[in-house]
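Listed next: structures, encoded as structure tokens.
Across the two complexes that follow, subunit A remains constant while its partner is subunit B and subsequently subunit C.
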Partner chain A sequence: MMLAQRAIPRDTTLGEWFTDPQSWTGSAGILASLGDTVVLCLAVILTSSLLAVPTAAYLAHHRLAQVTSAWLVNIGRALPTFAVAALLVPVSLRGGYGFEPWPIFIALVLLTVPPMFLSTYVAVREVDPAAVDAARAMGFTERAVLRSVELPLASTVIFTGLRVAGVQVVATEPIRAFLGGDGLGRYIRDGIGQNNATLTIGGTILIAALAGITGLVFSATERLIKPYGVRRLRAHRKPRSGDADEEPDLGDTDEFASHHGAAVGRMR
Partner chain B sequence: MLAITALLLAACGNGEEAADQDLDIPDGPTIEIRGQDFSEAITLAEVYGQYLDALGYDVDIHSPAGFRDEAVSDLEAGTLNMIVDYIGGSQAQLAPDAEPSSDPDEVMEIISEAYADIGATVLDYTPAIDGDAFVVRGDLDAETISDVADMDLVLGASAQCFERPQCYIGFTDVYGIEFADTQTIEFGPLLGEALDAGEVDAVVWNDTAPQIEEFGFKVLEDDEGIFPAQNIAPILDDSLIEAYGDDLVNAINELSAMITTDDLLDWNFETDIEFRESDDVATEWLEEQGLI
Partner chain C sequence: MDADLKGPAIRFRGVTKRFPGTRTQAVDNLDLDIERGSIVALIGPSGCGKTTSLRMINRLIEPTSGLIEVEGTDVSSQPPVELRRGIGYVIQQVGLFPHRTIAANIATVPRSVGWDKARIDQRVAELAEVVGIEPSMLSRYPDELSGGQQQRVGVARALAADPPVLLMDEPFGAVDPIVRSRLQDELLELQDRLHKTIVLVTHDLDEAIKVGDRIALLNVGGVLEQYATPDELLRAPANDFVERFVGEGRSMRRLGLATVADLPYEAGPVVEASADVAAGLAVIDELRTDWLGLVDDDTFLGWIPREELVPGADLASLERFLPAAQVEPTSTLRSALEIIMTSRTSVAVISDNGRFRGTVTLERIRAGLAGDFDAPTEHAA
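What follows is the complex of A and B.
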């Protein structure tokens, strides 16, 4: 006998729900739901970044499709994710692919490609032309200019775009529960359906927490894999442009990010 | 939006007539009605709303939202002062501990009392019935719900079903069915798509879902009688009855008496299969009946 649909009484408090081991285990438990959500989100983030970042970097380097890509990005951002997924569900069912994962996967990829594309495109385009020309003068091929100069210099802004998109995926993924799927959204769905505020709020807390953790994981990853040269660059630029102060200033990184963040904002 | 547009259109179309009748109608609160968010309930709200509007009452047909929970709590909160609900469903909502019954009069007695507690009155129920239905694909070798007890079916139903003794808990406890798996699916056409695609083997739907015939599904007999009587009744906040008196009550009862199960099937066919708008379907029906 499976307990996937254990009914939670309405008078259960949040504390009781979170501390009851039964809430966490089983096929409808928080751990299994968390696993469902994390796997889908990772798949979406990986797919989207593989689609968006190389394309945007290539196009931006060659200054191609500036108007077209801005236009496509804007259309992409206007697509209502829930509607896209809901329209795809019957198609998927009739095709024999089931409720999951294709409809929600495609809808979330469409949600995340535009911001990732946009941040990469802007970041690469805004790289200091002097650095690019210097690399060319030293005999770098165009490919090497992109790989060794533009992408490293653009990496901070690209990462910001990935992080924003990643958090957005985690916060949006719960709609799958309303389309025949599971994941953490199931508690919100059941809470609304059964008029059970504990479930709705509990589910919301879990999703918000996961979204917050996702942001932190992205920041940590960024620190780990940011190219060594870029980190060194930050440390060296200040003394050169400033004067007496020899100490590298960590605040400079934020300044750089916010400057480019503003550029991203402008293009929107 | 559509509801509002329809309301405006309806109001325009019947401007003269309504103006004449306005004289007989005392001042009172605007009738705030809203359909639950599935097509039959939306059409029902439009039918009642447009009918009362044509009689000259001030009516605001809200955009459809939520299900029974939201309807009842908004009636209680005063956001709505008229709702339309299935009587057995109302009983499950307001008097969950009372014994479910397949006799509408018994159900009415229970819910009249329960609604009185929140300051509302249940008017006459319709001849139309739209009960829960245990729906399977046409090729399944079963005629009653008892027949499927050992078939290891996968059940698809809405989130509400899984906590109700008149639904999932009744299947497991009264019928002793052990489902191989369950899947929560929003109430609506997705249930039919999932059943047709073989994602699930049985769904809890309603008798008047037009897709049942469309897809060649069949409804199994509820041989243990766990599904309650589900005639439809309008429920009014007492403030409306105080303000408008018996004229309003009689007018509504007259309309309710005319709505049959076949009407529901026709409406649902128009909205769910032909994809027409509920407000148009309602207007057309009211015109056919000579009510507006």
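What follows is the complex of A and C.
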């Protein structure tokens, strides 16, 4: 599959490549490659969020594994994705699962779980302790405290973490093309292989565009699923103190004065 | 409500709390009875276990040993979730849910216990009125309200399911003094209507004196040093610690606690307008004042200076000085003192809606402080 491709002449311009219908169609076309990439990225993002978010939320709610979490997350972040995937290829081959897509899938999950975990953990832990205390004191079960107070209040930060990790997945997924797979990374690989800058730059543009769109899709999803009460919080993040705002209420200073002295009249 | 229940609303028996990894107790063998329908203020220096004691009542903290009963039932025998839904809770930081409207915040417990929507809506509207929240604010969010308003919502939320017991942890600590004073007054008005059993943690002695029916003063290590009415605490500190804690302003603080009506009646240098000059002179000589007051039945007519009292003059026709310094029976001794200090006669007339009810002087206030204000009348809130 790495071979058997229509060779692109080196003097093809980017404009010509993008406007040629043949670039888009076929098994090696942009649309098919885009499909491969999108499917893998979606699978990775879904798997990672299902692994990271509930675990982190649960641990943070119970203030568990604070040190261990930080430690694991740091190790996770230090893992070179390309190396992990490459090391997994022989394992996958020996297990009979082929070159693709398991090694890259696992490597990308390992790449995205740490930031998702960390942002969720921190977001839940940083929720206003007074709101959590009040909820518990009003007879919320622990599960209800997490579901009705901590998660909604943490959701903005959690979503940011998911978005950043999602964009990172899309931007990293092209290494798959160097590990026996396809997807949008194929144009970069082929461009390098054929010493064809048009292909390399074209592929890069496509990947960057997809990453940008991914960010937008995350933001739109966030807007759609967050209730208004949670959504408006970010815009009105200014906590108010009672002092200045009480002013309009002070119209009834007479009432206040009467608490201090019931002087009805004084002799002159 | 609960009139059939005998005994205190909340009872601590030998309650000790030691947090893991600490050498000293947070609360040490605490015995405390909190009478139904009263406000008890827990006060003491930091580390005295006042908040810990409060949070053990609704099992946010579990005691190491000892027994706590609420309305006659051992709290450790009740599931925390059920127990807490029946106990109101107000904290300094308010802890409103910022992502929910004011109405939804107030409706928290009713919703948890499954009231229907109509009943919840009605209750929310009712509570908004009780605590003084405009109906238009109910659809707003907590960050759109001032600190004082937020705390009112916090109180409404705690009262939503009509719990007999209310726990308040420094409820007015985060608002400025003027708002705090108003919220304290509102709490007392509320209590006059609702008769809840309220346990209030504070570090502010003036607040404890103002709102507490009784004050439990705790020392570092969770030792209860004195449990008494505010006046008793100020008048008769149980030991050196209490005396030092209540400080040098004890007498001044008691002035704010007692009202003019707490003093025994005394007419003062006053005669009926129909009396003659000789009788008037006799009165002011006996009381050694320079002013003679004239009354007509129970109306105070005014003051006449001593030099006008020449033999043969007609008292009723002499020039009288008005208005006189006046106080009401409900005025505190502190405000009476203030008025006396600025009056020319050194005497304040007690006027109950215009009716003469005797006089107050510095000497009488001083004598009053030597006595026991709790004895004749209940401490007026």
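Keep in mind that, in the parts below, the second predicted complex is superposed on the first by the 226 of 268 C-alpha atoms of A that agree within 3 Å, B and C clash if a C-alpha of one lies under 4 Å from a C-alpha of the other, contacts with A are read in each partner's own complex, and residues count from 1 in each chain.
What we mean here is this: contacts are C-beta pairs under 8 Å (C-beta built on N, C-alpha and C of every residue); 3 or more make two chains touch, one makes a residue touch a chain.
Treat the numbers as computed from the prediction; the structure is a model and nothing was measured.
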* To do: Could you look at A:Ala177 and tell me whether it touches subunit B, subunit C, both or neither (first, second, both, neither)?
  => first
* Report for A:Phe99: first if it touches subunit B alone, second if subunit C alone, otherwise both or neither. => first
* First, second, both or neither for A:Leu111, with subunit B first and subunit C second -> neither
* Is subunit A touched at more residues by subunit B or by subunit C? -> C
* Does the superposition put A:Pro90 against subunit B (first), subunit C (second), both, or neither? -> first
* For A:Ala7, is the partner it touches subunit B (first), subunit C (second), both, or none of the two (neither)? -> first
* Answer with first, second, both or neither: which of subunit B and subunit C does A:Val149 touch in the superposed model? => second
* Please work out whether A:Val122 is in contact with subunit B alone, subunit C alone, both, or neither, and reply first, second, both or neither. => neither
* Where does A:Arg189 make contact in the superposed view: on subunit B (first), on subunit C (second), on both, or on neither? -> first
* **subunit A residues within the subunit B interface of the complex** => 1-2, 4-5, 7, 89-90, 93-94, 96, 98-99, 177-180, 186, 189-190, 192-195
* Asked: Where on subunit C does subunit A make contact in their complex?
  -> 58, 60, 80-85, 87, 89, 91, 93-101, 104, 108-109, 112, 141, 143-151, 154, 157, 167, 174-176, 178-179, 181-182, 185, 303, 321-328, 330-331, 335, 338-339, 342-345, 351
* Asked: Okay, in this complex, where on subunit A does subunit C touch?
  -> 128, 130-141, 144, 149, 152-153, 227, 229-230, 232-233, 236, 238-243, 245-246, 249-250, 256, 259-268
* Residues of subunit B defined as touching subunit A within the complex -> 67, 69, 73, 158-160, 162-163, 168-169, 178-179, 181-186, 189-190, 193-194, 196-199
